[in-house]
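Shared between the two complexes below is chain A, which has chain B as its partner in the first and chain C in the second.
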Partner chain A sequence: MSAPLKDITPAERARSTSFYEASARTRLELLLDAGSFVEFIGPEQREVSPHLKIFDLPEQFDDGIVVGRGRLDGSPVFVAAQEGRFMGGAFGEVHGAKLTGLIRAARQIGSIPVLILFDTGGVRLQEANAGELAIAEIMRAVMEARSAGVKVIGLIGGRSGCYGGGGLIAGCCSALAVSEPGRIAVSGPEVIETNRGVEEFDSRDRALVWRTMGGKHRRLLGAADVFADDNVQDFREAALELLELVGPFGLDALKAEQERLADRLRRLSACSDAVDIWTAEGIAHAETVPELPADQFIALADRTGRTSRDAR
Partner chain B sequence: MNTSWQNNRAARDARIAAGAGLARGKVVEAHDATRLLEAVVRPGDRVCLEGDNQKQADLLSRALLAVDLSRISDLHMVQSGVVLPEHLDLFDRGVAKRLDYAYSGPQSARIARMLFGGKIELGAVHTYLELFARYFIDLTPQVALIAAVSADREGNLYTGPNTEDTPTVVEATAFKDGIVIAQVNEIVETVPRVDIPADRVHFIVKSDTPFFVEPLFTRDPAAITEGQILTAMLAIKGIYAPYGVQRLNHGIGFSTAAIELLLPTFGERLGLKGRIATHFALNPHPALIPAIESGWVRQIHSFGSEVGMDDYIRARSDVYFTGPDGSLRSNRAFCQTAGLYACDMFIGSTLQIDLQGNSSTVTTSRIAGFGGAPNMGADARGRRHPSEPWLKAGAEADPDGAALMRRGRKLVVQIGETFGDKNVPLFVERLDALELAEKLNLELAPIMIYGDDVTHIVTEEGVANLLLCRTAQEREQAIRGVAGYTDIGRRRDHGMVAHLRARGVIRRPEDLGINPLDADRSLLAARSIKDLVRWSGGLYAPPSKFRNW
Partner chain C sequence: MTLDDILTALFPDGHEVRNDKGVLLGSATLRSGDSMLVLGVADRTALGVDEAIRLSDHVLRSIGRDSGPILVLVDSDSQRMSKRDELLGLNEFLAHLAKVLIHADLNGRPTIGLLYGHSAAGALLATGLATRVLVGLPGADPAVMDLPSMAKVTKLSMEALEEKAKSTPVFAPGLSNLAQMGAVHMTWSHAAPLADQLEALLADMPVARDGRDALGKARGGRLKAVEIAERVRDLALQAR
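The block that comes next holds the complex of A and B.
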């Protein structure tokens, strides 16, 4: 069935491959320059979770994250891609350590940016303490790397979205690109419903979930700076664009972002639904935003969407 | 001697007279619904409270639940679907006592508890056709509480695309001196089409909110697994193609959704377009949109409708049955009959299969009922018309019989992964249904499809053709031979399984020229609900709970 694929160029293949559907390894293969990816701590080293077997759960030879280096349009990058189909891409001890190590290496070198392909529900419950520690270590590593001049870009468009600790780490990045199926939040829909009741948030109302946490809303709010269509080539182009866009990181940038967020809270805190927010942001017929095809939405977002030049 | 032969008619007229005081013409205000029921219903009545598997007379359910128990109690509910919590609250409160039904989907756990606790006196759990049949023999309702989209002042009803059980229920009630009360979403000058003529309807209650409809047949392509895709490929190449199955019914699981989504891709490459899957007894499954748009499907008759499919159906009237107003006309009784007699194959998933091939969706704590699968998934002994798949299956079952005297066989296919949801094995030594029957002292275990009706079992390990088995032992080994790494599968007789494979009773993916590595989600014609919307040209409007955008 894959025979016809041999005849097409890598860019065509990346264009025709859904980022949402692809595995972590396929995403990296098609995101980077062809054949440039070199994996660190690969499957052959069998660095698996030391905890899962206690629960009689299957392990994965890469613990659900692929890290390494490669080239993007000829320039070197460090990359990490979470595999959302293994335990929802959740952070465990080994999984977290691989990402921490990668970002620390980037900080030491100082000049090579990091791309993180998030696809995670958050911390793995079976190794919660190690996972929570990993989140804290990664957040610190990201901020230290950025202070050292390293750009850290998050790409979000996977099955599991970017939730829990993943949402916190994404919030520490220099910039984010997101696609429509991607979701960014800390507490997931089920968690909110469990804690606050179905009247507060109906986790089974997927349209509600998407307009509250989905890629379009995050782009319009300025949490993500670039909106990608759901294919790997679009994410590749988004990554290149963001590497150009990201400015210097320092106290001034953080203060400006703090001001922007405080202002946002003042202006929009009375809104009870994302559609109200979009209306308040001056979007006519805001209720049609979810239906807009990618090109029309990108045009709208470029016109009215907020930008932060700093992920939030 | 003064013998009357019209007591029932007189009783009906008295009931209508008792309710007339609350009505203007036939129309009763929603806030008077309970008083209306208190006026026309009598203790111990047989009542059909229209609960189908999709459409619900929810206002009338609540109204009935609120009646004064000193006036109405001990009702005998005869309805196909026990779906709303109120349907069971009636028994908790004592409004109703006895129950005959067919399907209880979302209430399956509670109904099991209430049966066990003696709250409900159970008549029987039926298949749809069976219950409908009994409406005309020994379970005729005295009162029917039904749901429609709109009514005119005369009482003509438009049921909309979800006509479902309504014509059958009304036929049995109205023509046997019963009372028909309809809740409607609106009262209009002229109904778009007359689904139920006014002279069969005695009272109309206008509801403030539209009746509840469950989107029961929408399967999100995003949730289809590679295992399900592999089983779908095996079914298409191993059963649909060799038998030339054109007329069929699909169950509602993800495996059959995968089949629907593989027709325009995998099926197309096999050159099967026009040769298989052309005529369906089927609800308007959104997953079938790509096959319809690709020209695979000629005709579909439906039991009910599906939320969000209305505009698509209206625009594809060559394929669906529609009324003069353009919207779908469904009819559960007719479609069940079509599935039983005019289809050559039923294919569906189940929760448990035993070594004889009996299957059940009952677990010890849930009684989901049967719905329609047993009628679809049963050989039709009254069938007389020939067709290629029916004759071929008959010949496989009885190769030595005389062709002119040999019955054909309907293909009844059970499809599933050897380990299902939450890694629960599909194959079991003993069905949970038996334990339940013992616990509740039932005279019959609730078997969804009897083993002697099952012709094929498809799992990721291969296709078992039970028609070719000549002994009970062969049959057992054929089932074990596709049961994978379940305990049942691991206890196979390897020599015998190899022998069955050599005879073509068991066919592995490689025997069918299928590479399991090709079972990839990229084979699906649509991989998300949004893809289905695109295929439909924007005509399919999925409900909010299915929209991940």
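The block that comes next holds the complex of A and C.
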């Protein structure tokens, strides 16, 4: 560490570090209490994907995900962070199994929450069957853990967003925090355009991508309960807030979610753009939402945004 | 076999399953006289927000009112790929359907998926892969990702991909590949009555524990997943 940095507190460093730009390891280091992170099956064990060599593709020693335990404000947490810069953070066999094992342990213990730092394009195409199945296993594990009283919090703000099966796992979490660049969707922009044509979705229209799938829209819809500014400290505070907020999971939560989603369809089904949705939700000058700075947006979302609390 | 043929063969004692624009909702009578809740996606219909909300509603209404197992029939497209579905939060709707099915399974309503046609990607995750036991019918043709899309992304020719697919079940479409990975537990035969095979499965349901990774290893399709998951779990349990 260079000399000028040594007087900076961890919180200040976390505050000045973009979550979007940071690597998975930096995110974890700055999100957790300083020095508390312990990795399970770290890169030194070289547990690489057994499938990428079929395609002559480079492997990564951690297969693009870092899992382990640490502390958050002194309390133990399990953590998993996907590395969006390796294969788009996509789920393969080893990558997915690390997360499955972590959540299964949390279920067995029952009292230690799990934080998942999503950064993924979804299934890794080169091992599509293994990746798809890993996602199904993770979804099952998350629901079993939540049924056992475990809180599973998703943090979404990475460069690969949270797409494909990652979006479904996020939908299984107890609560989500999302930043503006943290996109959540099933089909990515390019996938929709390839399958349905540019008239359906122009993937090069970045403003369209952000307002359809981005963090602000997801927060206003109530898909995410907390909006974080794009720095690691904000995500740390969001995680702490959500851990306080999350109630028990059970049939009532699923019934409430059914009603929440059915109500969304009744109200917003005819809207053809996010701006129409925000207007229908009573936001004046909805077209200015994408430009709002984080603090103003959070104030707006707290006033008019929906919530999925106890309804997911 | 058409859907009607399959339903008749599964439930000779009768069923009330309606197909409304590809969304299957209803129930059927088992040999014991007990009822089985039935839902699903037919006619290779894409699974979007409008379909998913009806399917989850059907299960939730049944919980607390009925008892007995649940059958999820699957002949779907992928998730519906549209601006509208994503705008409305398709990931939440698909996750919700999976959650409802998993919750039912964990709480006394064992779930069986029956893949009798196509399915892919998010639609498969929200239906068949969210059940305790996924059964395939001969002729089913699931494809997590289709080879033409894969060729585009990997920049490999179709021929090269087909050649690689001969040596591994890990990426190529098809029922047998998914079975080898542990995703499809068993494939039924048209040589025996489907009703007999369903009743035999119901009489001998595995416990509600996800053993798909172990199955994938036993079948030689996924050699690492179970070991990696167990090692991480053991390390994490030492955190207590």
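Simple rule for what comes next: the second predicted complex is superposed on the first by the 306 of 312 C-alpha atoms of A that agree within 3 Å, B and C clash if a C-alpha of one lies under 4 Å from a C-alpha of the other, contacts with A are read in each partner's own complex, and residues count from 1 in each chain.
The definition used in the following text is that a contact is a pair of C-beta atoms (placed from the backbone, for glycine too) under 8 Å apart; a residue touches a chain by one contact, two chains touch by 3 or more.
Worth saying up front: this structure is predicted, and the values here are computed from it rather than measured.
In the superposed model, A:S18 makes contact with chain B only, not with chain C. With both structures placed on the common chain, the touch criterion links A:G214 to chain B but leaves chain C unconnected.
Counting the residues of chain A that each partner touches, chain B and chain C differ, and the larger count belongs to C. Judged by the touch definition given at the top, the superposed model places A:G171 against chain C, while chain B stays out of reach.
When the two structures are aligned on the shared chain, A:P181 is found in touch with chain B, with no touch to chain C. When the shared chain is aligned, no partner comes close enough to touch A:Q296: not chain B, not chain C. In the superposition on chain A, contact is made by A:D205 with chain B only, not with chain C. Remark: chain C residues 49-50, 53, 56-57, 60, 63-64, 79, 81-96, 98-100, 102-103, 106-107, 121-122, 124-126, 129-130, 144-145, 149-150, 152-154, 156, 164, 167-172, 177-178, 181-183, 210, 212-213, 216, 221-237, 239-240 touch chain A in the complex.
Of all residues in chain A, only 38, 40-41, 47, 50-51, 54-55, 67, 69, 76, 78, 93-94, 96-98, 100-102, 104-106, 108-109, 112, 123, 125-137, 139-141, 143-144, 147, 164-165, 167-172, 184-187, 191-192, 194-196, 200-201, 212-213, 217-218, 221, 223, 251, 254-255, 257-258, 261-262, 264-265, 268-269, 271-274, 277, 312 touch chain C in the complex they form.
Partner chain B is touched in their complex by these residues of chain A: 1-2, 18, 20-21, 159, 180-181, 204-210, 214, 216, 290-291.
Looking at the complex, you find that chain B touches chain A at residues 222, 518, 520-523, 527-528, 544-549.
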